[in-house]
């Protein structure tokens, strides 16, 4: 079966494997206090143009989200997220398990705005309700859309004014920063968020994400929280060497760009087949509306996510490309569609 | 200022004070293991016609909800509630603070149905999402509406089929059971819920609610959870004697009925003034749509809850009556309205 | 059976009942925002000579401990307590249930010292271990002993130096402050702790304790935590009016003194019978070492706590007096002992 | 500086690197549902002679402990551990952060016995105290000692009788099973524990441990808990392929044996130098008592753990060998000691 299920279903990028392999036959300090970690942090700081950022290597996305959020909030404080936010839907209540409510805002495109955030602030007015304190956004969003620099800056400035923290989930940050319509740079992320994470798993690492605290008043003692949640790998350098390799020669953005390019080609194919999209295609995820009568057929040949009914007569299927998607996989899909679609 | 803010803003009903006062000059066993508690439980079981119910005396509503729910659920399990549910909005994230997500369903009338619950079950299909396990309803609902016996039975039977627990929050159970349109009895609650609580605070106790486990397989060790959450009063009998008094001579329902009757009179007054209601008036809470230009005036004379904009040009104010509301308070409001409303 | 089991096995002191009864037939604001609460807080501040103290009315001891401690600590921080501390042993893991470790220090007399605390600080040196942040003491201790002013001051000053918070559990504060050997005053508690609570339940209230934050930087938003944990009673004034009555005419200390006096008389009786004490008798709890052959007999006539083996051949039984203990109960015990002891 | 600090300070064993490298250029299902995971589980089941074991791949030890324990226990239940237990001391309160108390038993050798466990059961007799439900042991223990088969069986049978779960932390299981004095086999672990984990990090994996539920009634829905705690790696196969390689040709035990052999040689050297051990040397950790005047010198040349004062005049330093320790490192230490020790 052909597979456009996800961008973490690939193994590892050759450059990253090389970086990992190069560590053999050494004694290395445990728990992220070694030279590989130090060097990798320096590479990241250079990319961010942010010498004072506080950087930590994490094993995965969910544990990053729950460790960061529970570290920062007081027990009665809550986060605000889009209803489609990963922390709201797809982390089995990880944030609530640390004691915090996830307040959700309905959005059409997966993106928050100062107006949407403000509505939540106005509603939560006294001690009978939780106190919103952290705004969670993701870029790309779970719907494949991206923020513009102006949108990000406006949210950040609003948060500053309202004493909220802004946290950006960058599981697919490579695809966001490499998107055709993107105008956000790494240094912008250092300027316009309190915390963000640079996703590795979805651009070809074995595992690992990097959390960056721009606001270092809230990162104090973060390693205590990491240890408590099981987030410090004894051999953290396995994440560090991969992230370091990604920071060299624009590899990180290159891999994001390839993912997006493959999606762009898929997009044209779907459009030519007369199909429409549930959400604006801006990165490596395409949410395609298929006539219901085609769905079973498609799913018997392609492994993709099924998001269910989307309007009358249509079903939304997600096609996800990756750093490893090959041109011929695209062409095969094009041919396949010609065989089944007749619009 | 006149006060229709809430039904817990009264002090204590004379019969309940008498019950409390009668306990003086005694040594009484601590932590709910005394004879007053035993006797009170017997009275309640009689009302319920349920000799095997497992009954516990609790200090208040929020602590009842959080203790019951956290006792029953496994860490990855969630509850389903109406978006207007008390546990979702007005308990400062008490349920989440015990680690559990509150899944919310949008409803117009504050009531859940098997269909609404089933939608949540279908969506939550794998281990990347929480596992819904307990359905939380309240009667009366937070919007003043009530369940019919058939609605309750259908939800219960659906829950049974789907291996969900049904928990009914009875903070205003007296008003529900005494409502004109009600056909649910105490024994029905024993039959058609797994757990429910009989609210005391809103019908004139100093404090105290009674939680009833009909499904005693899930109440095992409940006193451990009570103690851990700080929910066992050393002198639990202060709750027990009041609840016992409420069970005598139908006092409980009487107090609910009086609350409802006063609301019924208010309802006629509002209708005569040409006003409409945001939610169907069925008990002691009236959600009245006021033209925006009247709101400030009303609020400067009456202490009531302001629920904010309700459609274009209208603001919803909640008038809440109680067991202690006096006929003349109603008449004063009627006169007042005549002076200010001109429709 | 005669009963020296506990000091909360009495009902309510007449003055406190009077205070509660006086509230009838009123509308009173909910959730602790009413005039009774305000007035009661003023009485307490006067006693403490501390106009800026931040004061809250709580339903019971366990919920006070868990709400205060979880409000103050960050997730990776721990408390230090004597191994006999109530939070360690007798609250069903209430503190751990909010996520925090209770570090325990072995003590002979239930009292902490700067040296004992420092040992814990030295041991907990990095992020692989919890970070001790709050010192929990109780006065009287769970072993009936009391702190001197110098001891308290030294602990407080040590805590200040080490950036630890000092929290004093005053479930039996009345007995501590009324002890013959005591030299601590209410104003001293305001000076030498960050937070403490004034126990009500064990000196004759129906229920209720008062938590006092001297350090108001850590009490910010405390009502959010109270609501979340179910600790704000809708009718908080039931606690407030009782505490207010206790603050009048030294009633609080009077009741403590009576409890202690009755214990003092018991102490003489036990000593005359040739019995010894497991812990120094300083307040209303006596831990008496009984020859094993007497224990069954004593327990068949007296309801007291059995603490088990205490050295070879002896068993420790706790006799607890209260504000309501009568002279003739003491004399009856004296006579009884003469009948059974032959040393 | 020479380094006997820890067994996770090595990088990766060549066979394991080979296994990891062999996965390139593939699409692999996410979240542990792939063929590599299936195959690896089969290898492990074969070793255990336990076809029905429920097996999961985890990123590290702390997250394994907290996920397993919080999955199994009810909120008011506690675990029993040796006071030296890793979950008690070195996981920053990870277990408490999930809400559960760690009850600790003082032991001289890091090992629990039915008698020690029973004392805790007897003490915890009612709902004012936590309910002990899971016994946590580790093999090797944190003090380098090992359990005999008879000791393990007796604990297990006692747990069965008392309705407790037995969980064995196998971070250094390879060293335990390969110890000269060991008589426990893999199939014994399947028979005499409810759950255990097979440690990978300390025998040369990049990362990863394998949790094995022998008692599958308590593993139901475990993947929900894994996802919630951030314990399911998207590319879980990186752990699976390494564990599979360790199961081939007795590699797992070989690596444990090498670690132990190197320690055995160190032991002889220390003994020849007239030094004694704080705990019986049975595996790859040696706790050596050094005269205080030597400690500074040793620590300036060797990176080892300093456990502090051990009796009068002595300080305990831990020397830890590993699968990668070289014969010449041992010889160098022997020479070094000759130069500094003069007893």
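Residue numbering begins at 1 within each chain, and the chains themselves are lettered A, B, C and D in the order written.
Following the convention adopted for this analysis, a residue touches a chain if its C-beta (ideal position, glycine included) is under 8 Å from a C-beta of that chain, and two chains touch if they have at least 3 such contacts.
These numbers were taken from a predicted model, which means no experiment stands behind them.
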| item | value |
| --- | --- |
| Result of counting contacting C-beta pairs for B-C and C-D, higher pair | B-C |
| Matching chain pair for B-D (criterion: over half of the contact pairs shared, by residue number), options A-C, A-D or A-B | A-C |
| Chain A and chain C, separation of their C-alpha mean positions in angstrom | 51 |
| Interchain centroid distance [CA atoms averaged], chain C/chain D, Å | 42 |
| Intercentroid distance (Cα basis), chain C paired with chain B, Å | 34 |
| Multi-partner residues of chain B (each touching 2 or more other chains) | 75-76, 91-93, 97-99, 127-128, 130, 224, 227-228 |
| Of all residues in chain D, those that touch chain B in their complex | 31, 70-71, 74-76, 98-99, 127-128, 130-131, 221, 223-228 |
| Of chain A, residues touching chain B in the complex | 75-76, 78, 89-93, 96-102, 127-130 |
| Chain B - residues contacting chain C, complex | 3, 5-6, 8-12, 14, 17, 20-21, 23-30, 59-67, 91-94, 97, 201, 206-207, 224, 227-235, 238, 324 |
